[in-house]
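Handing you a structure now.
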């Protein structure tokens, strides 16, 4: 199973008045890691929307928040995709804080469906994207 | 079981280049409805942070995205809280599009823990907040 | 000169770890008021993008931040449009905190250009939108 | 005069239904560059809030939007600070799209005031931060 990681710094924009990262913003970090996983395989979502004309729609997110991230933290977001039929990918994702303790901050499972960029109906993932996954 | 609903308009800020509401932003709509549910019971989170010194931390979100919301849509967000022990509330939440069809766009379950506003350790919910819930 | 106002509540999503509304998020409040000004005149941006095929692009923002807005504040955002040639509107906008003191929090000037929704080139504003403005 | 640059990728979270970066989100990119300029000088805002107990409050932003940024664009944000009295810094900032044409997308002037982190009253900038600026 392949694993991919991406880093993100916590800026003011990510935090809320509780002094920690706003809960919805973890989903932004998760999405950046998935996008960069795809880019690392040689694909951009802009390109795929044109040829072969597909988008990746998030159908389900299940996330547990273990510890809060704070301003200036450097985060490592992991991304471990698994095929679930021809039209669905399930990503296991984790968010860790960088540093000596490397604490686990959040754990998520994200279900993504490949859809036609005009029809919005399920389509098979392009073979080049899912090559080597199982 | 009590149900509460709140409305939100979809503005440019909520959408993404796919032409629909960005997936993380549904969590903002869900949070507005929970905040307004609390306000409807006579409490503000700013007030509760000072007296009795508690915050509500989201520990878990499980959300299914059924259909996309779009610019200019008027959304109705429901919020149905249930007690789960002395320190935890589970909210069943739904997002519908207003209009003749009233389509269901998203369904979520959100687990919120009451914590001390300095200690961040679990605390019992203030009785006034959970009165009448079960 | 016409003036229009719109209200917005400050939620967790709007704040940052400084305990106040994040500076970029005032631009969201300003945009909501401009959108609702347009809706009050009977137009939606979704509709105008299709017929007559125009979008409103922000070309310039000049904003002064006087006092911070905080969680739970109810804000009033004003919007005073003035024509500046056939393709440009200038909006004078203010953000006040509701309440006995009604403090002025921010003052902005926003220049909006009417552009073709495919060409992105300047177009005259549809007459129905600018009727009665000067 | 010192110049500093920082890079940012455009993700889905940054875009809106117009297919371009939402206008308020340029202010996030500008802030990331200012924060990283400070970090490059050896300071974090989290640290400065504790010792010597100062925050940097944005008092004014003047921004011109020249061309839209789009999904997947890599942006370069520049940051050129100038002292304006003992308590104020003015940042000239630009956003360029990376690539063969290196187009200028936005130009901004941002006025930042040093304030006490509890008092919120103007304070002199710590000497270490403004060393070498004029």
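As written, the chain order gives the labels A, B, C and D, with residue 1 at the start of each chain.
Assume contacts are C-beta pairs under 8 Å (C-beta built on N, C-alpha and C of every residue); 3 or more make two chains touch, one makes a residue touch a chain.
Keep in mind that what you see is a predicted model, and the values were worked out from it rather than measured.
Student: Which chain maximises the distance between its CA centroid and that of chain A?
Tutor: C
Student: Please work out which of C-D and A-D is bridged by more C-beta pairs in contact, and write that pair.
Tutor: C-D
Student: Taking the mean of the CA coordinates per chain, how far is chain A from chain D in Å?
Tutor: 27
Student: Could you work out how far the Cα centre of chain B sits from that of chain D, in whole Å?
Tutor: From the centre of chain B to the centre of chain D is 33 Å.
Student: With chain centres defined as C-alpha means, what is the inter-centre distance between chain C and chain D in Å?
Tutor: 23
Student: Touching at least two other chains at once: which residues of chain B meet that condition?
Tutor: Residues 12-13, 18, 24, 28, 31, 70-71 of chain B each touch two or more of the other chains.
Student: For a test of understanding, state which residues of chain C touch chain B in their complex under the given definition.
Tutor: 9, 11-13, 28, 31-32, 35, 44-46, 70-72
Student: Where on chain B does chain A make contact in their complex?
Tutor: Chain B reaches chain A through residues 18, 23-25, 27-28, 31, 55, 57-65, 68, 120.
Student: List the residues on chain A that touch chain C in their complex, please.
Tutor: Per the stated touch rule, the residues are 12-13, 15-20, 22, 24, 70-71.
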